[in-house]
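Just passing along the structure, written as structure tokens.
Here the chain labels run A, B, C, D and E in written order, and each chain numbers its own residues starting at 1.
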């Protein structure tokens, strides 16, 4: 797997110029009752990019994620994954097509062990049949072994291997967040959506997370879209940022451009950015 | 003759015989939905057993031996009946099994006894199929076809009515069969069934159904159900202004029907195994003894049948002179003219009891004996 | 690993079941009396029910309280197949099994073969029952597309009740009838006074009353015979093929299949649904499909159990209702949600304890109820929790526990 | 026509009975999220204590005569007292220790309690197995008016009236009092509710007592209407409980007004089904309607489908 | 006002707190910082009576509250805004707010406080009839804070009030903390945003794997090297 991903990583470098689009949303809108949570949202994620989605609370960021992953269906608009429309598909189908996510409110399988959390996520790539599993054919046996190996490798990467037998919900908050990312990666995604991965972490842990996200992008060649309120983190690692307010895109560009956009300062950053930086 | 590899052979060594005691089993619904029936039957059987023991025991081949009764609970579930009968036979080594009231439960228990070649007598399962299980299965009650016939005959010949409606408990095979037999007999005697409606055990509300029956103008409603529902049906029918006679079968037999139905059951009839006020010596003696044993209770038909079933068994053990299954079976099959509380019982070729039926009428707040219908 | 080793390993649990079944049937059963043997079979059937329900309630965390419905469907279908075929082929309802099958009392055991044509019929009917139940399981699982949690539970309950009422109200079984009722006017052949016949009731619209005629089973089509098995009297006219051998074999297979699934990637997929459906979808688990699958598999084994039940005791519509379903749920929870071995042990307890308590008379059911409540209060995670008897962790925990128990009194003694 | 009228009248009266029972289910479900299978047994206790106490008090009453007017309310009060005590004790001893256990455990405990109450009730020195007659607390036949041969009796009025009084009182309690607010808070999240200062245990006890009082009223009216109360293990009771529960679900479980609506709906389905389709399949109609309602409105008629935001 | 003495808490076999002692004086803002899994939430839960400690005691205004039920503790004026928002998801925003004032009965004042809270979070006013569960993460956090304000406690425990909030709202939250403190509410604050927490607090405790490792004046701690390194992301 590592060689494959590295190749893919190499491909990313070139593909960047060709602007192959991993994920695209065009003119997507969603309202709840009278509330327009997302309006005419458009976004293109080039393959291998690492981009950010920010905006004030209730701007519609999580809703965008839900629209992309099939949890909600857009009222209008198109969502394409690798050039193929994924409108109307169930979230599980979308996941099998190569999109994974983490949740703003952590959703681990609390009673399952850390290892099983990751192994479960490998299920979507499993090829054995249920009958094969019942009869425990050689194929299913080998596949189980491969899944175990893959899960262990991921846990090692995320520094969670020594806690693999613990129940998911007994991990501290920060570890749970990392486990969520590991679990998402286990589905072999092409696109990874992270919803506030740094929430509830202290500055020290956030630093480590930054490095980890970069590494994931580089080593796995995954395209990443990130929601985060920690400006330090967003501005540091994202190549490109989209800003939402009241469901509409109010600005997009490089961190530099966005940070200087008066609309963004008014709606979101405010004076906060100043005091944060002290 | 030895039975090859009968699984019970190991269990049925005459351990009881050496102890001098004759063990008989009773399986019945001592708890659950039909506990009233099971407990009444049990009391009747116990009375018979105590009587025999008080007289020093049962004389078998010249030796007086005490009788021991083992009663087991089926929880009113057919599913349990097999287990329970197996237990009586394998663990308690009973020589014969008495039991169940409900035909559906007896149908589960009887095959077990049949297979083990232990005679079984059901006191009160009236469904025809019960004794068809095999040659070890007997009953001391009449069967539903006869009861339906007797009811029809009474309505046509004594009440002289021609238009009847049926209200059937569809959850009970007893009710189902009885209604069909009644209808058939009634029609063959020139009556007509003007309407039919049905219900399920445990239901409490019959207004809609009674209303629909009323529209057809019947002169009598035949309700072959259990007294639990009949009381309600009567009350609701009277409240709807239907003051025509109601009639049913032995499922009505319980002092609770009067208690619950109150004035509404005035002018109703039912066919039964016996009438406590029927002044035959057997009945009077039984009623007195039963009252003395169970602080003044008036025995219902199930208690009387339990008592008779036990006594038929005892008489057969005496004539057989042994408790061995096949011989005992033959002795029971030869029962003829046994004078029981519920009439003179003769066992026919199909192992059913041939006996007369009585009709009771509710008059001035009391059940009174009205007529006897002899077997066809 | 060489192929034959792999194959042997793959088949191991099934072989073990077979051996155990043979051992119990020919070995242990000799020392038991009829009653005990009956209990062993009841236990086995209940294990199948509990383990199959574990796949729905324990693995996927759905909450089915209509499991007895599948027992009913399987039992009635399997029973009907044997019943109709026996009548059609043999004209009677005797067993024609082998030494593996249940009651063949009228036959000299020495003449019995290893596998009779009756066994073939029996196994075929069991499979038919299982498949019918699985089909219904599919239908019952479908609402899980829209319903979650307790609402799904209530739908399963509703389904169970519908099955019960429908069975209760179908016509009754064919019964022995007098020859002249069935063939009016035709003289009876010598020695024949009664034949198996089915009732044909025609409703007279004027009176609402049914007119009854009879058809001899030998003249009827099998599809006329098979469905007529309902009715409130119960369905007891099924030849008793079920034996300890078959029950133990099928219970073993059920346990093996369930635990194989549990330990495979599919087991994890099931468990993830129990933990968090939304996250599970996001990880690519098609939750609806898996829930339906769980229902289908569980229903299949419950249907098999039903078939065994029908060829052992009698089917009765009043006893496949919700009370029975609750009994099975009790076993599952008592054993520990999701634990296969736990459910099996609980099935043993739930079957045997009330029997052992006989003798307590009218207090028996009270004590059983109290025991149930106390077990829930003092062992809320069930007997084994989510663990299995064959999990190392369970034994390690036990060893640690015993060691601690042992060491503490020693310390006390030393002081 | 008279059949229609009769069916409507019966639907309403029976619907009221179902509603009283359904409310108990819905309240306990709402607050503890488990189906209290022992609830129908509390209804039985209400009905049986009405019958047994009535028998004791009024044994000198001439057959067919009606008791003085105050016996009705008196017996109702006693039934409420007994049922509430039973429910309180059960909650305290059997359910409270399981506050943190998975819901399925509580459910099994409820089944255990139900078995316990049934079998204890069958003991000879309690209610025994035989049916109990109910003294005439109200003249069964006294009619207010008759339309098309359908009689509207005082009895029907008493049932509907009592039920309405209880339901209105409950509605007020839940939606307009502090206790009601507490109940609703506990129903959503006990832990957070306790952080808001809501005395969770007391509220839960109170809910059980209220539910039991309604059950007692249901049992009482039942006894009044049907004049005879059968033993506790009678399957009819379990089925009655089940239908009341189904009513609660159809209306939207946890929703007080929904329970009443669901009860009326279920009673209609039963009575109209029996009158116009086939009386033998009433249970099937009820469960088919249940499944249909849930498929088209997964939260019940008045219930909100639970939305979970991710 | 609040004194926690030698608190020990266990989750089954895992010991989450060892010998934790801390003090909150009337009128103070005290903050409790520490990395993930240090036991901050556990400490607050134990104070509120949600968890029974294995050892130690909690004294509030001279009264031992270690064994009191959560609602009794709230009645004494000690409220908590729990971790993970803890709104009632199936209730509307409006109902959530009214439950905040459950223990109070001064209706006129409640209405005023409600107005005040809504003016602090205009977002909530727009959403009064929405089910709290469908609010965005940040909106839920605002609701939890507003609800805590309506309880008018004497001592308020806040568990990560700034989690998932946009930078500007974070500012608002800390301003509110200062304001209500100025109005006389004592506050015990648990924060990951140690930076801001140390700025508003008077005193601070540092919790590490279930033990208090440092304590003292907030400004001084913020300046100390250890704290800068571990919790402020300083270099």
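Everything below uses one rule, namely that a contact is a pair of C-beta atoms (placed from the backbone, for glycine too) under 8 Å apart; a residue touches a chain by one contact, two chains touch by 3 or more.
Predicted, not measured: the structure shown is a model, and the values here were computed from it.
Colleague: Which chains lie in contact with each of subunit B and subunit C?
Modeller: Correct list: D.
Colleague: Hopping along touching chains only, can you work out the least number of steps from subunit C to subunit E?
Modeller: 2
Colleague: Which chain has its C-alpha centroid at the greatest distance from the C-alpha centroid of subunit A?
Modeller: B
Colleague: What chain is the most remote from subunit E, judged by the mean position of CA atoms in each chain?
Modeller: Checked the centroid distances; the maximum from subunit E is B.
Colleague: Which chain pair is joined by more contacting C-beta pairs, B-D or D-E?
Modeller: Looking at D-E and B-D side by side, B-D shows more C-beta contacts.
Colleague: Counting in whole Å, what is the centre-to-centre distance of subunit A and subunit E, each centre being its mean C-alpha position?
Modeller: Whole-Å distance between the two chain centres: 30.
Colleague: What's the distance between the Cα centroids of subunit B and subunit E, rounded to whole Å?
Modeller: 74
Colleague: On a C-alpha centroid basis, what's the spacing between subunit A and subunit B, in Å?
Modeller: The mean C-alpha positions of subunit A and subunit B differ by 74 Å.
Colleague: Residue numbers in subunit D touching 2 or more other chains?
Modeller: Only 119, 122, 235, 280, 283, 306, 308, 310 qualify.
Colleague: What positions in subunit E touch 2 or more of the other chains?
Modeller: 134-135
Colleague: In subunit B, what residues contact two or more other chains?
Modeller: 31, 170, 197, 200
Colleague: Within the complex, which stretch of subunit C touches subunit A?
Modeller: Listed in rising order, the residues are 3, 6, 9-10, 257, 260-261, 264-266, 268-269, 271-272, 274-276, 278-288, 293, 386.
Colleague: Which residues of subunit D touch subunit B once you look at their complex with the stated criterion?
Modeller: 2-3, 6-7, 10, 14, 63-64, 119, 122, 129-133, 136, 140-141, 149-151, 153, 222, 225-228, 230-231, 233-237, 239-240, 271, 274-275, 279-280, 282-283
Colleague: Please give the residue numbers of subunit C that touch subunit D in the complex, ascending.
Modeller: Listed in rising order, the residues of subunit C that touch subunit D are 57, 63, 143, 146-148, 150-151, 154-155, 157-159, 161-162, 165-166, 169, 278, 318, 322-323, 326, 329-330, 333-334, 337, 362, 365-366, 368-370, 372-373, 376-377, 380.
Colleague: Quick check: in the complex, which residue numbers of subunit E touch subunit D?
Modeller: 48-50, 69-72, 74-75, 79-80, 82, 86-91, 95, 98-100, 102-103, 131, 133-135, 147, 151
Colleague: Quick one: in the complex, what on subunit D touches subunit C?
Modeller: 29, 33, 35, 37, 94, 97-98, 101-102, 104-109, 111-113, 115-116, 118-120, 122-124, 235, 238, 242, 246, 249, 253, 280-281, 283-284, 287-288, 290-291, 294-295, 298-299, 306, 308, 310
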